[in-house]
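Worksheet: one structure, shown below.
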Amino acid sequence: MLLSEATNAGGNFSLVPLVVFFPLIGLLLNIIFGGRLGEKAIGWLASLASGLAFGVAVLLGISLIGSHGAGVTVPFLDWITIGSLHLQWAFRVDTLSVTMMLVVGGVGTLIHIYAIGYMHEDVRHNGDPGRYRRFFVFFNLFIAAMMVLVSADNYLMLFVGWEGVGLCSYLLIGFWYDKGKDGIGNAIAGKKAFITNRIGDFGFLVASFLMFKFFQPLAEGGVFSFDFDSVAAIAPKVASPVILAITLFMLLGVAGKSAQLPLFVWLPDAMAGPTPVSALIHAATMVTAGVYLVARSFAIYSLVPAAQNWVAIVGGVTALFAATIAVAQFDIKKVLAYSTISQLGFMVAAVGMGAFVAGMFHLVTHAFFKALLFLSAGSVIQGMEHGHHAVEHDPLLRRKMKQNERLGSTHHFDPQDMRNMGGLRHRMKTTYWVYLAGALALAGIVPWAGFWSKDEILAEALHLNPAVYWLLTIAAFFTAFYMGRQVIMVFFGEPRSEPAAQAHENPPIMTVPLVILALLSTFGGFLNLPFIHTFTHWIEYTIHPAAEAAEAGAEAAAHAGPWYMWGGLNLIVAGLSTLLALIAIALAWMIYTRRVEALKSLPAARRPDDPLRSMLGPVFTGMEHKWWVDELYEFLIIKPYVAISRFLAEVIDWKFWHDFFHDTIIAGGYRGLAWIFANPIDLGVIDGIANGLAEGVRGLAAQARRIQTGFVRNYALSVFVGVVLIISYLVFQLR
Amino acid sequence: MTVQLILFFILAIVAVLTAVGMLVSKNAVYAALYLILNFAAVAVFYLLLNAPFLAVAQVTVYAGAIMVLFLFVIMLLGAEKLGQSQVQAWQRPLAIGLGLILAAEMVYILVSGAGGLVVASQGTTINPDFGSPANVGMELFTKYLLPFEVTSVLLLVAIVGAIVMTRVEKK
Amino acid sequence: MNFVIYPLTLTTFFPLLGVLIILFLKAEHKNAIRWVALLTSLVTFGISIAVLAQFDTANPDLQLVARAPWFQIANWTVHFYMAVDGLSILLVMLTTFLTPISILSTWTAVEDRVKEFMIFFLLLEVGMLGVFVAQDLFLFYVFWEFTLVPMYFLIGIWGGQRRMYAAIKFFLYTMAGSILMLLAILWLGIYQGTFTVPDLIAKGGIPDAVQMVLFIAFAAAFAIKVPMWPLHSWLPDAHVEAPTAGSVILAGVLLKMGTYGFLRFNLPLFPEAAVKAAPWMALLATIGIIYGAAVSYAQKDVKKLVAYSSVSHLGFVMLGLFALNPQGIAGGILQMVNHGLSTGALFLIVGMIYERRHTRDMNAFGGLWKIMPIYGVLTLIVTLSSMGLPGLNGFVGEFTILLGAFGSEHISPWFAGISAAGVIMAAVYMLYMFQKLFLGPVDKEENQALKDLNWREIVTLIPLLVFIFWIGLYPKPFFTLMAPSVDKLVTIIQAAAAGLP
Amino acid sequence: MVPVMYYVILSAILFIIGALGVLIRRNAIVVFMSIELMLNAANLAFVAFARQYAATSGQLFVFFVMTVAAAEVAVGLALIVAIFKTKASINVDQINTLKG
């Protein structure tokens, strides 16, 4: 029984490469046959590929339960082998990676299905149905890359997935590459994402170089393979400054991928991609890769508290910073984007502090509710576009819209601007309800998923790093506020534009995934209830050494703590955060219903588009403009880089080095030298000698020529003379 | 004075006289006829010198073929006589003078035996069949086979050359 | 010649057969000439595969030796000495692989004097192969100089506007470096008594001061060819003016002759000098990486952009070689191949669009992906390979190089650290190029009617893409080929380094 | 038995007469005939010495000289005919195209 179970489990573990190969096969099929398949078939094929990957992940999870959480490594193929470097394509199956696989596969499949409906509309609104297939190819590629990332057994294979998802992000942000500002805005947003990520990757690379330099001599047999186990085993033997450097460089990578300060700027722009992309890549999965990386590297992070501090502070500051910006955004997706950055800050702070389980838990719940929010935002946008479409085709409504146009001169209607929305709860009921579930989860209201995970982070923070605790708590307050603001602006009140009044609900293919995600967002928190701690135990199979160290206190407190500790739940922290969230929501309600009503009396021209603007003044402008970080980077990095590269290319390389040095100095100098040799020296001196010689020879020749009479007999005679003379010579000689 | 010696002197006189005759005769046809006589005399010398094969070859090739060719060309061109156009009159006396000097030198060398050119008065004894066609043929087709073959090529080239040069150019 | 014994000689000189056949064809029969050239180069590739099949991967020494005394000057015998080892086999393969692809790319691009073009091209192949298989310095020098001639004509006759300027600059520049190398070769011949590389390595014992001088003399020739910063000035001219196939071969193979020269001669012949010079070479390489990347970004001409990117990429190769450890050198060799593949492909891609639009100004394009989707996808893959996306070939090379350079005992890790920033910059200029050509709206009237790639063009690119993926995902066979030879080279260098104070 | 010396002297006399013919005569055909005479003189010496030293090689040389003479005559006469065609003369004094 036990034996068969073990072999069965082993057999299941060896399935792990399929999580990568199913999506790859899907995308290849779509590339090859997609042209002949219909839209529906393409979409379902891609969804099936992703679903199969999810199925494999489920099997792996079951096997893990069977093997009591003991992870395995499944080697697949050698990759790079040179001397003391030995890299493999090898898959890691343990509770951590399988958790990620489940999230990626599960949420990914739901979003795939949603996208079948969404993209059907999207490619038509944007007038290029040919792109439908490309979308799903990229989407499957993303799933494959993400699976490589989470199932990797070593840092370098993880890096392959890491950059692979970056590539997909680039491709999908620029999916509508001929749209956006000046027609190129989306493409530039994609480029920005890729390059910013590359800056982070630079950190990752340097970290891996350091690792190789200092870990390789200590590795078993002198051969270093970057795999997580050997890194964890060697790390304690390495000097701690080195570990600190490695972790900090890795932090740079984390900041790039998970959009933390100072590299978060790409994520808001990434909203240029179609909404399913924002949901899958820029909310649920890819951006959490940084969190996953830190969790993966728990062994080395646990060694250097200084690095942990840095990670936690970066996370905490980002959480608060992004939350403030989210408050003043009008684009429905931008709000969610900054919210994502902020939530990622929570996770990074958590894993930074050593609360790996809490961080991972928040990662999972966040994947549910943020995917839900984005998808329902997409649903809202598409509803608005339907409305807009209806208005466009109805002259009466069109005129009405012109008259009611609040925003004056905007010739282009923006279906994502919340100022154009309002009152949608009547027109899009399903979307409204699922959105509400997501918002409550994000705001951290009991018993939605976000409450449990966020609370866990806050509890750990109070225990491990009080400064970060306060940052996060304030951020949580802002979170609840901006979510309240968003829900009210979008769904409550009166429609503020004609398309909003004409918007209608989307087909079931889009709403069914929404409902599933809403259920997950609502009940996902029960994965890790007080007293039971299913998720904690699950993850601790993998992260046990660190978890023991970090959570010893918490565990102890859970069993024999003061009155406010209730089965591992810190009631004070929970109470405080819930209270703050409720206050924030109430505040939002006050401002965005009452205050807006009050402002209605002002003339339209003087009426602010957001009541907060008049209340906060310049602070609001700052938040609206993202605290001018983009402008700062533009001024500090991009402009100088462009200027330097122009200067190098045009002045140094071309004008100076190519034109001046080579053409003028070398070639010109040579030409000058050649002239000197050619004219005074050659013509004057050398030619003089040569010509004189030639003249002399010519004179002699003129004389000598006269010997040549042309008569054969003369020649014969001279021969004869010669004969006679020679014989005469012989005669005298012989005598 | 053996018979051979008498014969030699008679033939020698004939040979020298015909040679001089060729030298001085104004008419090219006469010159050619003198030369034929000269060749005939030389052929007899060959017989005296145990070279019957060469003697016959001399008569057929030289006296027969080559001289006929000469006569033929002379007749064809009608150039048996040339006008008196001595362009370089100084050439003749100079040539005769030089010729005499050369003759004197030769005689001197041969008679004085200077330079070790000793010509034995008595020849070595020879086989009776020395110089017979069979003997010459054996030598020719064994030891001198390659030169022999080369001469055939030479003749072929000469034929081709002669044809090419005299061929009338077609426009 | 017995093929089983001397396959290398056959490989090297087989293209001459094609030249001979083409000589007998009439210049008007352009297609026949093209086919003969293509088939010749394909057969040459086939023969080189047979060479590969005979190659013993476990043997670190020279193999498949064809060696005979050639001629004698006083006491020194010059040998006709051809052989391969792990350092050169990949480059031989790269040469025979890229030549048919280049020839295929000229099918419609070259209509003028096809006969001469193909003859020069095949002669060029002979020269390049000779450079990679010659193991006698004298023979090497002969082939080295020989490659200049066909390339000079390829640029000078079929080039762009300023072709004569570019051709002459290319010729003179390379020639100038070669002269110093010739002097060094003569010194070696006179004082060491032999011209063959293995004998010279075995003999060793060159005094340190002299070694440095010889090292610099050889380096002068190779550094110009690579080209290392700041000797790169001929490169943009040559690349911009050369016809597409010429650029492909120039970037794909001719530049590798420089890096290969360092690998084959500078490192093993003058190991002490190499160890001493390593920091300086690494410094130049690092400057080249950063400088090339920065300058690329500011270009308006696509071809110039790619040309400057070569400066950057070859900086990586040089950095790897002068890391003087297995990772660095193996990575360097692989990166030579990678650069040949991806930059070769980039030049092909530029050539394809140039053939359609007769301009290379990036501002003249935009939104091409919509019009030429196949072209867009293929370009994207090549671009990603060139900027070192993991999973594609560029990453494997760059990563191992940087890993080697960072861990090297002979050069400071700072070089690798700074060079790693070149990876970011590569993304900047490559994505910029891609965006300028393919993204954004189609706002130029001329671009509306462009035709997507035809089958011939796809066929020229596909083999390159196959290797781009293969090396990226499973480079083991490639590393296996070179590993013993690289280890041997590293042993030589380490022995020398141990002897230094 | 005639001493070989006599033959050699005769040969010399004939040779000198032939040489004089080449130098004195203006008729190209006669010049040619004089050359033939010189060849014959040489042949005579060859045969005489062959007899003296009992060596067949001497006779064979004469044979080869005859072939060469035949070839020479054929080509030479052809040349004379060709020259006559263009110049209408075979006077060597009128042919000085080689004048420098």
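Letters A, B, C and D mark the chains as written, and numbering starts fresh at 1 in each.
By definition in this document, a contact is a pair of C-beta atoms (placed from the backbone, for glycine too) under 8 Å apart; a residue touches a chain by one contact, two chains touch by 3 or more.
What you see is a predicted model, and the numbers here were worked out from it, not measured in a lab.
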Higher-contact pair (C-beta pairs counted), B-D versus A-B: B-D
From chain A, the most remote chain by mean C-alpha position: B
Whole-Å gap separating chain B and chain D, where each centre is the average of the chain's CA atoms: 6
Whole-Å separation of chain centres (CA-atom averages), chain A against chain B: 110
Approximate Å spacing (C-alpha centroids) for the pair chain A, chain D: 106
Inter-centroid spacing, chain C versus chain A (mean Cα positions, whole Å): 34
For chain B, residues that touch 2 or more chains besides their own: 87-88, 91, 95, 98, 102, 106
Sites on chain D at which at least two other chains make contact: 19, 23, 26, 93
Sites on chain A at which at least two other chains make contact: 709, 711, 713, 717, 720
Inter-chain touch pairs (all): A-B, A-C, A-D, B-D
Chain C-touching residues of chain A, taken from the complex the two chains share: 77-85, 89, 128, 130, 156, 159-160, 162-164, 167, 170, 174, 177-178, 183-184, 187-188, 190-191, 194-195, 198-199, 201-202, 205-206, 208-210, 212-213, 216, 641-642, 644-646, 648-650, 653, 657-658, 661-662
Chain B-facing residues of chain D, complex: 1-10, 12-14, 16-21, 23-27, 29-30, 32-34, 36-37, 40, 43-44, 47-48, 50-54, 56-57, 59-60, 62-64, 66-75, 77-82, 84, 89-91, 93-94
Touching residues (chain side chain B, partner chain D) in the complex: 2, 4-5, 8, 12, 15-16, 19-20, 22-23, 28, 31-32, 35, 38-39, 42, 45-46, 48-51, 53-54, 57-58, 61-62, 65-66, 69-70, 73-74, 76-77, 79, 82-83, 85-88, 91-92, 95-96, 98-99, 102-103, 106-107, 110, 119-127, 130-131, 135-136, 139-140, 144, 147, 151, 154-155, 157-159, 161-163, 165-166
Parts of chain C lying in touch with chain A, wherever the complex brings them together: 169, 230, 233, 236-237, 291, 294-299, 308, 325-327, 330-331, 366-367, 369-370, 373, 384, 389-391, 395-396, 399-400, 402-403, 406-407, 413, 416-417, 420-421, 423-424, 427-428, 431-432, 435, 438-443, 473-476, 479-480, 483, 486-487, 490
Touching residues on chain A, where the partner in the complex is chain D: 705-713, 716-717, 720
